[in-house]
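You will see two complexes here that share chain A, one where it goes with chain B and one where it goes with chain C.
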Partner chain A sequence: MNKNLILYAAILFFGITAPFIFPAFKVQLSILCILIVLALTWNIQGGEMGYNTFGNILFYGLGMYLCASVQVGMFFPLAEWTESGGEKTFVHTPAQFFQGMAVGLVVAAVIPTIVAGLIGYAILGLRGHYFAICTLGLGVAAGEISGGIEIIGAGQGFTTPPFPDVGGLESRGEFFYFLSFGVLVLTFIAVRAIYSTRFKLILNAIRDNEDKAEAMGIQTMKYKIIGWMISAFFCGLAGGIMGGLVGYIDSTDVAFDGREMGVFMVLMAILGGKGTLWGPVIGATVFHIFKEGFWTFFLGWQYVALGVLIVVIVIYFPEGIMGWLREKFPERFGETIDEKDRKAQVELK
Partner chain B sequence: MKITKIILSFVSALAILLSSSVTSFAKVVGDKIILGSAISLTGKYSSNGVHTQNGYNMAVDRINSMGGVKVGGKTYKFEIIYYDDESNPKRAAQLAERLISQDGVQFMLGPYSSGLTKAIAPVTEKYGVPMVEANGASRSLFTKGYKYLFAVLAPANLYLDVAIRTAVELNGGKGVRIAQAFEQDAFSQDVRLGILDAAKETGSEIIIDDKLPKELNDMAATLVKVKQMKPDVLVVSGHTKGALTAIRQIAEMKVDVPMLAMTHCDAAKLSKQHGKNSQYALCASQWHKTLTYKDDFFKDGMTYAADFTNEFGYDPPYQAAESSAALLVFKDAFERANSFDQKKVRDALAATNMQTFYGNIKFAPGGQNVDKPMVLFQVMCDGAGKCENKVVAPLKWASAELIHPVPKWSER
Partner chain C sequence: MDFMVFQYPMISVQACLDGILLGILFALIAYGMALQWGVMNIINIAQGDLVILGGYIAYFMYLYGIHPAWGVIVAPIIMYFVGVGLYKLVINKVVDRDLFISILATFGISILFMQLMNFAFGADVVLANSGYGTTFLFDSAVVLPNSKIFSAFISILFAICLVIYMKKSKLGRAIRATAQNARAAKILGVDTEKVYAATFGINAALCGVAGALISITFTIHPYMGLPYTIRSFMIVIVAGLGNLPGVALSGMGLGVFEEFADYILGTEFRIGAVFLLLVLILVYRRFKLSRKREYLK
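Moving on, here comes the complex of A and B:
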């Protein structure tokens, strides 16, 4: 337990000092935090519950649009803000910006949670591939629908309020970094807390054999919905922050970006090792570093390089990085090997 | 738990990796002025992204080989750092941040498309980095009060304005019935707003107003309606893919419409790819090689086109020409500012008033170029099936007369 405390303290220390040690990388670090949040929450469904969802991007995009809309709509007419021919320029004062952001983030977390509850009630009865394909449709549909709603900019896109003129040039980067790092810490604590309760065991039971779980008297539907609502809460928050960070929301390319973010969150969790607490964190970190590297060194070929990486992962690390480590160093994961028994088995072969 | 150690060593390895990769270039190194640009080398805008990049590269080579940029009595050469934004606004905004804060770039060239420029402009604005862009035409870019954004092209709402006015004129001044279909993106939607304005002013009626998806491959539903409703004008805009899809399906379905107005015909190499099927299409263009503008570096449009074809093996679309012009604007501004101070360069850019082979360039307070009208050309084919783009409006530069109405498919 002591060592754990040291580890968490070290990571927290690194997280807080990172933007000052690497001032030029603040945006990448903020995005890393968001990616980890998405991977961690995807793991609740995909890893622990065995429900491969592509629908979490829905909550992320919803959060993004909601946060920006609230932030603008609280102080100015939203329709005039997004109207492209408009000759007006609205400027948020610092107080308006931060108040709007705060209220916006609350809305961005709460509404997707409710939506997850409603949609979950309707579709979490589906299992396996059917569920995966259904959720894939959710993201695509949301992208097309939002691309037709004029008040949030439709195909024109939505420019989020620019960061107000407070502090120096660095203040925007620092603000968004600490905001996303804060959400990451919150998410990690929440997920870790959940995984230490009976709730996680129920999710695992659903993954391993849902019918048996039901036969044991577990109301699986209830737990599946609650699990998804938890994911939606944090995905919405992540989306809200990302919208402010990017500064421009486009329906299919930024918000309901199932083709990139929607796939990345699955990939990161699998790369790190799904069904573990640390897997998504490590997976997202490794993925992000590789991705940024490929973008710099394989210009124009970055997706080919990324594709090769994925193939390598699937072939050599099918259980993810954590799974591989666990196999190599089982004793470090608190597993002991009975040498006698092992030898006996080897000799039998 | 033993796992702690693994994670600790992982975190420290990450820290070492990150810190060793911090490299920073200054904006002016030795005799080089380093410009930065995020360009769509992959994704849905990749073909236009490459046109843009070729345009930039050609101008860099030309300016460097013809004496470079003279600032403070010293000669400098241009160099550009490129990143691939994958046609994705989120990526573009990140890359702008990266170019400025990591690579130390202090002057930027624009990306391809309005959406991506919209994503980058807030970043360059925040850092006070002057950006000359050649491919972001959406009007909303110029109403946000940006101080460091300069566009060498005419805003998007003017693209097909001329076409509607011409149709009305040919209709004896009476309003026409317009069918329109636009891709769901910032640029095309702005072209749409321009049409709405023109329709209102000329008393024209819009009878079909469709939205097309991104990654445009099919617009049959719209064309079926067009066949039924028989409008006087059909307007389509959806970047390169939109132009190709429209021509392919109009020919397949034999849709007869008296006037077909589009954007991005030359970027799509329509006349080459679809030959006679693309005949009579009217296209909005920022530039055409037969225009009579001149400058010292590329001489004129015809010479530019010949040199470009020589180097890259295809006719330059206007996306390439305007991108080359952006470099000429930067050179001019650096020399007039006689300094690399960002504020001074910005002020020099704002005071730009020059002619390039691409057209006159003079910026309005919002940053758009107000001194260069759009031209309209029509795809015309000879008997042997060789097709060419000929300017038909405005009359000052017209090299051929507009063919109107478009002959029916049964008579072709």
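Moving on, here comes the complex of A and C:
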């Protein structure tokens, strides 16, 4: 426990000082925080509950649109804003910007949670691949439909309010970094707290055998919906921040981007190791570093690389980094192995 | 919203005929998906991208001055080898595993194909002009391009050939045996590995035919693959595996639904409507089954 405390303190310290140590990478670090949040929340479904979803992108995109719309709509007419296409006819004062952002983030967290509850009631009764394809369909449908709605910019996109002129040049990056880092810390604490309760055991029971879990008297539907609502809450928050960070929302390329973000969150969690607390964090970090390197040096070939990466990870590395570590150093994970067994295993190899 | 459809009955007739001709094409793709799902127990998200690839083969023949209708013969031959190659490289490693693994792996293949096609053929929306002209029905109130009729005819022809092949040939029998029980088939001397490769190849060839027909009748674009996958998945879950008349009927139903959605909601919501319909069908079946405390398997 003591060792863990030092580890957490070190990470927290690094997290707070990171934007000052690497001032050039503030945006990248903020995106990393968002990616970790998405991977952590995907892991609640895919890893712990065994419901592999492509649909968490729905809450992410919904949060993004809601946060931006509230931020604009609180002070200016939304339709005129989107029609002007981001030309600065309306300017937020600093107070308006932060007020709007705060309210927007609350809305961006709450409404996706409610939506998750409603949709979850309808589709969480599906299992396995039916659930996966259904959520894939939901994500794409949301993208297509939001691309046809005029008031949020339709096909031409939605420009989020520009950051007001406060503080120095660096203030925008720092604001968004600390916002996303704060959400990351919040998510991590929440997920860690969940994983130490009975709730996690119920989720694992659903993953291992849902029929038996039901036979044991667990109301599986209730817990599945709650699990999805928790995910949606943090996905919505992450989306709201990401919208402000990117500064521009497009229905299929930024918000409901099933081809990028929707796959990334699955891939990161699998790369790090499904069903572990630290797996998604490690997976997201490794993936983000790899991705940024590749996206910069092999521009244009990134989707080819992404496709190959998905196939390779899924086929050859389905247990992820944590799974590999667990096999390598079982003692670190609290598993004890008899000396005899170990010898027998070595001989077998 | 536009309710012209209800005021002018001829538009409804037009939409129905268009939808049925389109749906026959969908049914062909769905038949391929049902085949591989039933035999190999994998769901191929790259199905639509194979279709688009087949379309580009026909389009290239058109560019080089060959009539694109010959693509119906050339595309399946090329696509068969693409399918077998894909099987040897990737699919054989996911056949016996969890369905989600196959979904994710083929999703990766789909992204890969999309981008490679984008590099190779450019991001323009293209079509191969067959020059078949149009047919006018009911005092030219209903306009049907002959290419659509041609494509429906060819689809039916291929489907019938395939059904006969499955019934009569040795490989067809082996495929059906593997679908029933892979282990028993193996014991009785069927080389299941070869059967799987052939199944995936046949599926890709069907996609090639459908793609060539789509490039003649509609348009193709590197990123348009996913809707075809979703449509064929939807047709298969409505009809059930191995129910060929059901596949044909639900394919036509989907085609008609799409044409009406196009008229009533507007073209920009067409793909969205297809995806929403999938969700609605799944939810409907889930609630229907949950009354009996069962779930979709």
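By definition in this document, the second predicted complex is superposed on the first by the 319 of 349 C-alpha atoms of A that agree within 3 Å, B and C clash if a C-alpha of one lies under 4 Å from a C-alpha of the other, contacts with A are read in each partner's own complex, and residues count from 1 in each chain.
Following the convention adopted for this analysis, a contact is a pair of C-beta atoms (placed from the backbone, for glycine too) under 8 Å apart; a residue touches a chain by one contact, two chains touch by 3 or more.
If you're wondering where the values come from, they're calculated on a predicted model, not measured in any experiment.
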item: Which superposed partner A:Gly147 touches (first chain B, second chain C, both, neither); value: both
item: Chain B versus chain C as contact partner of A:Asp208, first or second or both or neither; value: neither
item: Which superposed partner A:Ala132 touches (first chain B, second chain C, both, neither); value: second
item: Partner chain in contact with A:Glu80 - chain B first, chain C second, else both or neither; value: neither
item: Touching partner for A:Ala122 - first (chain B), second (chain C), both, neither; value: second
item: Of chain B and chain C, the chain that contacts the larger number of chain A residues; value: B
item: Partner chain(s) touched by A:Tyr303 [first = chain B, second = chain C, both, neither]; value: both
item: Chain B versus chain C as contact partner of A:Glu327, first or second or both or neither; value: neither
item: Contacts of A:Phe163 with chain B and chain C, given as first, second, both or neither; value: first
item: Common interface residues of chain A - those touching chain B in one complex and chain C in the other; value: 144, 147-148, 155, 300, 303
item: Contacting residues of chain B [partner chain A, same complex]; value: 1-8, 10-11, 14-15, 17-19, 22, 24, 41-42, 82-84, 87-90, 93-94, 97-98, 101-102, 115, 118-119, 122-123, 125-127, 138-140, 143-145, 157, 182-186, 188-190, 193, 211, 213-214
item: Of chain A, residues touching chain B in the complex; value: 3-4, 6-7, 10-11, 14, 21-28, 31, 84-89, 144, 147-148, 154-157, 159, 162-163, 169, 172-173, 242, 246-248, 250-254, 257, 260, 278, 282, 285, 289, 295-296, 299-300, 302-303, 325, 329, 331-334
item: Residues of chain C that touch chain A when the two form their complex; value: 43, 90, 93-94, 99-101, 103-105, 107-116, 119, 226, 230, 233, 237, 266, 268-269, 271-272, 275-276, 278-279, 282-283, 286-287, 290, 295-297
item: Touch list for chain A against partner chain C, complex; value: 52, 122-123, 125-130, 132-134, 136-138, 140-141, 143-145, 147-148, 155, 259, 263, 266, 270, 300-301, 303-304, 306-311, 314-315, 318
